[in-house]
Amino acid sequence: MAVQVSVIGSGAEHVARAEEVGRLLAQRGCSVVCGGLGEVMAAAARGAKAAGGTTIGILPGTNRAEANEWIDHVVLTDLGHARNALVAASGDGVIAVGGSHGTLTEIGFARIYGRPVVIVEPGLQVEGVPRAATPRDAVDYVLASVSK
Amino acid sequence: MAVQVSVIGSGAEHVARAEEVGRLLAQRGCSVVCGGLGEVMAAAARGAKAAGGTTIGILPGTNRAEANEWIDHVVLTDLGHARNALVAASGDGVIAVGGSHGTLTEIGFARIYGRPVVIVEPGLQVEGVPRAATPRDAVDYVLASVSK
Amino acid sequence: MAVQVSVIGSGAEHVARAEEVGRLLAQRGCSVVCGGLGEVMAAAARGAKAAGGTTIGILPGTNRAEANEWIDHVVLTDLGHARNALVAASGDGVIAVGGSHGTLTEIGFARIYGRPVVIVEPGLQVEGVPRAATPRDAVDYVLASVSK
Amino acid sequence: MAVQVSVIGSGAEHVARAEEVGRLLAQRGCSVVCGGLGEVMAAAARGAKAAGGTTIGILPGTNRAEANEWIDHVVLTDLGHARNALVAASGDGVIAVGGSHGTLTEIGFARIYGRPVVIVEPGLQVEGVPRAATPRDAVDYVLASVSK
């Protein structure tokens, strides 16, 4: 199995960073896990596909058509926002790009489940969570942590 | 139905505050919702029962015997940490006492679901979440927000 | 804590039986757990309240106003149909009245979690699950099983 | 995205049938979704991989090492048995091979979510659910239903 990295976050102003994160992860041979919907989630998946990668979308609902077009494998949960726990758990590491309340829950779950997590600047302020200046630094950090 | 307030958090050093929050909520006629286990969860329930209140515990597992002895009504979820979403959603308001990663997820869910939430000092630092100097201030804040 | 019994099922033609199950459970000192919505769920709760009992509703969504008016304590899950697992797990025993696909999932979960479960005639046909001719027989069966 | 078919069930005596179901699905270009653990789940995944297919495992826990060795993409849920809802929902169609209480819940969820579902003989008896004499008949039935 390939290393899986979850990309979390939201915010239209963060899609370029998310796309770069997705692209870099794919170039490093990682599968990209995300929430399967729009904005940051779509951008991360689009970046991964542009680099020939593989994407997994964990959706809140039960309708496959809600997945963005860059999702290869879809998991339909019917769990609403509680699916955030699964997005965090299913990554060997987690990278946050932008984000709001939902991202906060995913960062918390990543910590609970012991997944290395990093926040790409500029992003949420969460005590004790490391930050990366660039998408490349974030990918480097997470992959170094996962390989330990 | 009574107003339900969820008390979240953790940390042995916070149990006195949690117990006071539980007691004050019961005196104000609210039911106390919590995660049903120990420390802050047990203290909040104990405080509520000492004041003649009612308590609801939403547990991560499926064994009723894991509930602390001050829980009146138990919901067994088999959801592990994903049950945190339910603890936040099931309160008309949410009060955080101490806490760590799990509390962070619950604060995030409270915001997602539009529940008023307040952090009792000293507690987690979460951008945009109001803080209360004392248990009484926290209870006042949440009940004022709920009644709106 | 009182013994909790979950009443599951659906179908307008079964509400009288469900209401009697709720009433009998309350008379025997049990709290009634249900899915918190209409038809069989509402009837079981109404029966329990008519007999002075206590009711717990475990809802699929996050809006408290969706609970039927006979629910005392509400748990909001945001889990959609996956909340059926919680309805089954949260009963010390489970009684099925009428029902369809959702009830099938709850009967399956009751078996997984080792909860005694009985189907009130007429109801679903599920291999290996005992049946009761009347609400009274069902309540007798479940309470005898729980007390073992 | 490829068509995804969930293979559910349990029982050591059913692994040959499950493996054939997995193999046939892969030959028809479908991804195989399963619960990611042993017996029928492992056999379905093994069959799919033997035919060059792709597999997705939706696990009850949070430890990736619990997935069987034929899983390509793993979703870790922390949901215990409630993850059964996701296994059913994530298939465009569902095939049951053998099985017990958990399979019953998955069949119920498949019906709730409107997924075509078929039981391979010999298997559970569930009112209203079609049966197939062989793995090939089951795959034919589900793919014909999905393509409608």
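Labels for the chains are A, B, C and D, by order of writing; each one numbers its residues from 1.
Note that contacts are C-beta pairs under 8 Å (C-beta built on N, C-alpha and C of every residue); 3 or more make two chains touch, one makes a residue touch a chain.
Nothing here was measured: the structure is a model prediction, and the numbers come from that model.
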Matching chain pair for B-D (criterion: over half of the contact pairs shared, by residue number), options A-B, A-C or C-D: A-C
Remotest chain, subunit D as reference, centres from CA atoms: B
Where subunit A and subunit D are represented by their mean Cα positions, the distance between them in whole Å: 27
Distance between chain centroids, defined by C-alpha means - subunit A, subunit C (Å): 39
Numbers and ranges of subunit B residues touching at least 2 other chains: 62, 77-82, 85-86, 113
Subunit A contact footprint on subunit D (complex, rising order): 1-2, 4, 31, 54, 56, 58, 62, 64, 67, 71-79, 85-86, 89-90, 92, 113
In the complex, subunit B residues that touch subunit A: 79-82, 84-86, 100-105, 107-109, 111-113, 124-127
Partner subunit A, residues of subunit C touching it in the complex: 62, 77-82
